[in-house]
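Common to both upcoming complexes is chain A, partnered first by chain B, then by chain C.
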Partner chain A sequence: MARVLTYEEKDTAIHRLCGVTKLIAFLAWSVTSMMTYDTRILAVMFVLSLVLYRLSKTKWSQVGPIFKFILFFLCINLIAIFFFSPGQGTKIYGTDTPLFHVVGPYVMNAEQLFYEFNVLLKYMTVVPAIFMFIVTTNPSEFAASLNRVGISYKIGYSIAIALRYIPDVQDDFNQIKNAQAARGIEMSKKATFGSRIKNTAAIMFPLVFSGMDRIDVVSNAMELRGFGKKKKRTWYMGKKLEKADYAVIAVSLLFMVIALGITYADGNRFYNPFV
Partner chain B sequence: MEPIIEFKNFTFKYRTQVEPTLFDINLKIFPGEKVLIVGPSGSGKSTLAHCINGLVPFSYSGDISGEYYVGGKDPRKLDIFALSQMVGTVLQDTDGQFIGLTVAEDIAFALENDAVPREELLKKVDDVAKTVFVDEFLDHAPYALSGGQKQRVSMAGVLVDDVDILLFDEPLANLDPATGKKAIALIDEIQKNQGKTIVIIEHRLEDALYKDVDRIIVVGEGRIVADMTPDELLSKDILQQQGIREPLYVTALKHAGCEILPEKKPGHLETMDLSSYKEKVKTWFESVSLPEAALAEEAVLSVKNLNFSYLKDRPVLKDINFEIKRGEMSAIVGKNGAGKSTLSNLICGFLQPNSGEILLNGKDISPLSIKERGEKIGLVMQNPNQMISKPMIFDEVALGLSVRGVPEEEIKERVNETLKICGLYPYRKWPVNALSFGQKKRVTIASILVMNPEILILDEPTAGQDYRHYTEIMEFLKYLNEEKGITILMITHDMHLMLEYTNRAIVIADGELICDNSPAYVLSNEEISDRAYLKKTSLFDLAKCCEISEPQAFVERFIYYDREVRHG
Partner chain C sequence: MKLKFGIKEVVAAGIGTALFVALTEVQIPLGFIPNTALQPRAALLAFLAAVFGPIVGGIVGLLGHALGDAFFYGSIWWSWVFPEAVFGIVVGLFANKFAVKEGEFSGKNIVLFNVVQVIANAVAWIVVAPVLDIVIYAEPANKVFLQGVWAFVGNIIIAGILGSLLGYAYTKISGKSSSLAKED
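== the complex of A and B ==
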């Protein structure tokens, strides 16, 4: 059974990279994607993320459910953008090419459609990068490499522990969801959307409480085995940065600089096909 | 010789409590000794353990008076880290205490914190993994291991620090009987080979006594009520008074009117001198007669040719067939991971079978949704915190009815009636977190019961409970079964539970149903017990030692007689 959004050990070039390398590459990637609205760059990034997805041998079942969930909110977001500022596209691109009438005073024009397409693309470049980072980075090795670049090991370890508990919390969640469903709190597709939102509370409450039990046990276990005793600690999973790591870091930073250079070359963040 | 652990007129009060939890403790434990600490829940035995490993006063603060020393030093002048170099603690919750993502990292954790260089660390982890036989699993995730392997990993995690004292906090609580036996044997080996001082806290006395211990310390209401050898302790009535279960063979001998004497070596049945008791046991056996059990005939739940697997070629359940009769109280037993929980998940509809069918009152339930099944088959999970979702007791019990749109008046009536049955009526306006664990368990049972299910399925209803709470919960279930006619099915690996409270045991091993018979039969049959990781009951061995020709009948008569004595 593949677990959703959890590190899985596989032997690929991406898995072999240090956690810190992937973190830097991920940050450079996200910054680029957030800054730019240049469709050409976003398109290249989108294709690249498909390639990376392939290279990392990630299975759809590892990310699919969360991806659908995000897609759902993204759609709501796109619809909301249209209704709250239908003229945003015209404001940005300076022209108005009406396409079709939607409802009441709302008319969809080509500029708005293009603008929202760009928003969609931005998500489509960042979201896969987040997924890829989580499913290919061993949490312990990541903590170790964070520590290596000078971040306190306590912070690194907290992140690693949080990542390590994702599967446990998922198991708990499923068990609780099932038991509550048996009591009549339906979370399946049969229930209406409103009642599903409301019913989430019936799952979160027990989830938080059993989670707190867990935190209590693990923090005792950590203290009893000397966590926090010294300023420094060593790492079983520690890895050294290798040539490939330096190369990836260099390439991603370079990519960021070039991409942002192209984006701002004409003075703004947008690529305008309308003039 | 200097004691390695010493308490002198030691009293401890938690900051959040009014009364001290430990009173005037005087105790000496010497290097290389193996000591068992027993006591009911709330007696203070865990607090005593926390004082030794430093969780008191460093994590749980409070007021200490008197003196105490660990390794010759006053822990108050040290910190929890210095103590952790002397005392290694293996916690009860084998799942919760894993920190590392893999077995190797988990074992290495203490060394990492000590900033041991990586090369040395790798070597030490390998060495210690070999001593507890987990070297094959170094790159596995701890949660994917079996219960016994998990515990060996926890042991490795503290042994790697080369501590002098090993403290085991209820090591048997989450293990099936056969694995528990192995754990006790491993602890014994570590003590003998490495000369460690061992302190075991446990209430499953009979299982813990599988290997010799030097002394048993009985804690009751915050005081030490006994500190003596097992042979002496078993000859007295202290255990009964404290609500701790004696080994069953000792109880049986007492029922037969035998006076247990320390010189007969009652600590282990195999080496006990039974010669003077034999005749009495035989006479007693012949004097007890069982009432005719009324047999229910109508099947309420039938499982037919059930198959299930997550992955195609790795079946979890293979061709399971059984019937549960109306009004029965039965158990599904087997080792951890044998497929017991999968079976209950299939019955409740959380999982769908690959083939086969499940019938309720003769009707196939596959078209029913989880919610619809939940009205007829109620599931109570092991940990009440996994179920309780409302802050107030009344609301929690009412939840199942209110989401089904039952009118408010009727809800009120049904909830109050259920609360009365469950003995919770006086607390109906209380918040749930004011209740004890056992009471919370009752709330979860009540919240299922209120929907009038025909069958109640309970997952490990007594896990982690001491004898008194165990009896309380089980007597309550028996009352529901006998007086309210509710069919009860329990998933468990507690042999006492199945012996004392069920009339049938369905034994699952490696995904197959290997036996469906009376609990006394199962626990008298070596082959079945072995395959299911259960343990033959000591009553069976006692019967054999006393040359009784029908040992299984002996087990049955004992259970019946013991109930009569305890509950009139």
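== the complex of A and C ==
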């Protein structure tokens, strides 16, 4: 996890959208993909997210390493689902079509395979959406835009401060970690459980207390500049919602409603090809 | 209850979230159950909630978990984001009782802190998280409850040890509000 996802400045239709628009679209997208288990909808969403990926001109090197990491965890999760509950597919779809014998009492059937395929697809629709959101949204612009849609500017500021200070705090973290490593603190897998907790504390305490100092410094500076005195404030990075923004919001909400409508049309959230 | 959301709380929520995200990197794995590990960031959340109250606890839990997941793993597991906020809020409700900033976080208050954090963890990871997992992701019940119990055990250990120590150390350096003795 050496590199985390970060925003990159580019000039595409997606980058030009207001941060809030992207947040609403992203949330609508997440809700849809969380609620539905309808394979047809998930497949459409998967294809759409590939299209969005093209449109945003995101390079594979920006997201590739993290994507591989996610795939790894996803595989473990899928295997775990099978061994914890090999009958989940049958429970959901109501039929039992054995395919092949795996090991011991575990038999893979078509329903289970299909269910796990849906879990995989669900991930594959959400992951690109979140990639798009992070790599195309300018953090400062995002915090400013939140205020425009009626969220308290104090909350907006909290978010702006969080996004602004994540890199700084990570630098602190790495410095402290290296300093402690230089003093001979073992952070690798070789250390025992007790000493690992102790070593974590050796990094965490300086980090947290320097963070507490930072809270004092920043809040004093803001107090001196009269933060929070008035009910409203102006923004340097704020963007107005344009026509394109309204269009995107409308389309994504409409998509959510239609997708959920199709999903629940037959009374449950699963698409059943077995009956 | 500390329901104020003043300048200090705005900044604490922001920088607390940044700390929480940075600490996402520090994990001590808990064996072969996917996506669970001892998470020192849980101790940080308990500490921040105990110092700054439920609003900061809730924001750091929600925002920190969502951003941490997004930046490091590229996917947000919503059913585990909300329990984190629940945990922050529940611990934060008792912030005045702990009196960390007032320099009185020792003895009885540490015991109370641990009782509260165990209850908060139980609500968050044994009740809210598995239920959301089932409702949102339709995962097998026995798997998610086992994961929830593991997260519960891991978090009470880490919040109990590191959270209590953080609070105790911070209370020592922040100075007592009642350190003045009345002269006869």
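Simple rule for what comes next: the second predicted complex is superposed on the first by the 202 of 275 C-alpha atoms of A that agree within 3 Å, B and C clash if a C-alpha of one lies under 4 Å from a C-alpha of the other, contacts with A are read in each partner's own complex, and residues count from 1 in each chain.
Heads up, the rule we're going with is that a residue touches a chain if its C-beta (ideal position, glycine included) is under 8 Å from a C-beta of that chain, and two chains touch if they have at least 3 such contacts.
Computed from a prediction, not measured in an experiment: that's the story for all the values here.
Q: After the superposition on A, what does A:Asn77 contact: first (chain B), second (chain C), both or neither?
A: second
Q: Touching A:Met222 in the superposition: chain B (first), chain C (second), both, neither?
A: both
Q: Once the structures are superposed on A, label A:Arg183 by its partner contacts, choosing first (chain B), second (chain C), both or neither.
A: So A:Arg183 only meets chain B here.
Q: Of the two partner chains, chain B (first) and chain C (second), which one does A:Phe205 touch, if any: first, second, both, or neither?
A: both
Q: Under the stated touch criterion, which partner chain does A:Gln175 make contact with: chain B (first), chain C (second), both, or neither?
A: first
Q: Touch test for A:Leu52: chain B only (first), chain C only (second), both, or neither?
A: Touch partners of A:Leu52: none, neither chain B nor chain C.
Q: Per the contact definition in the header, classify A:Arg214: touching chain B only (first), chain C only (second), both, or neither.
A: Both partners, chain B and chain C.
Q: Tell me the contact category for A:Val44 with respect to chain B and chain C: first, second, both or neither.
A: Touch partners of A:Val44: none, neither chain B nor chain C.
Q: For A:Trp235 in the superposed arrangement: first (chain B), second (chain C), both or neither?
A: The answer is first: A:Trp235 touches chain B but not chain C.
Q: Could you let me know whether more residues of chain A are touched by chain B or by chain C?
A: With both complexes superposed on chain A, more residues of chain A are touched by C.
Q: Across the two complexes, find the residues of chain A that touch chain B and also touch chain C.
A: 1, 160-161, 164, 168, 172, 201, 203, 205, 209, 214, 218, 222-223, 227-228
Q: Quick one: in the complex, what on chain B touches chain A?
A: These residues of chain B touch chain A: 53-55, 58-59, 80-81, 84-85, 89, 91, 93, 95-102, 104-105, 108-118, 121-122, 125, 143, 157-158, 161, 310-311, 345, 348-350, 369-371, 373-375, 377-379, 381, 383, 385-390, 399-400, 403-404, 447-448, 451.
Q: Help me check something: in the complex, which residues belonging to chain A touch chain B?
A: Those in contact with chain B are residues 1, 7, 138-140, 160-161, 164, 167-168, 172, 175-176, 178-186, 188, 190, 201-203, 205-206, 209-210, 213-214, 217-218, 220-230, 232-238.
Q: Would you mind writing out the residues of chain A in touch with chain C in their complex?
A: Spelled out, the residues of chain A in touch with chain C are 1, 4-5, 30, 34-35, 37, 63, 66-67, 69-70, 73, 76-77, 80-81, 84-85, 88, 92, 119, 122-123, 126-127, 130-131, 133-134, 154-155, 157-166, 168-170, 172-173, 193, 196-197, 200-201, 203-205, 207-209, 211-212, 214-215, 218-219, 222-223, 227-228, 269.
Q: In the complex formed with chain A, which residues of chain C make contact?
A: Residue list for chain C touching chain A: 5-8, 10-19, 21-23, 25-26, 28, 33-35, 40, 43-44, 47, 59, 63-64, 67, 70-76, 78, 136-140, 142-143, 146, 158, 161-162, 165-166, 169-170, 173.
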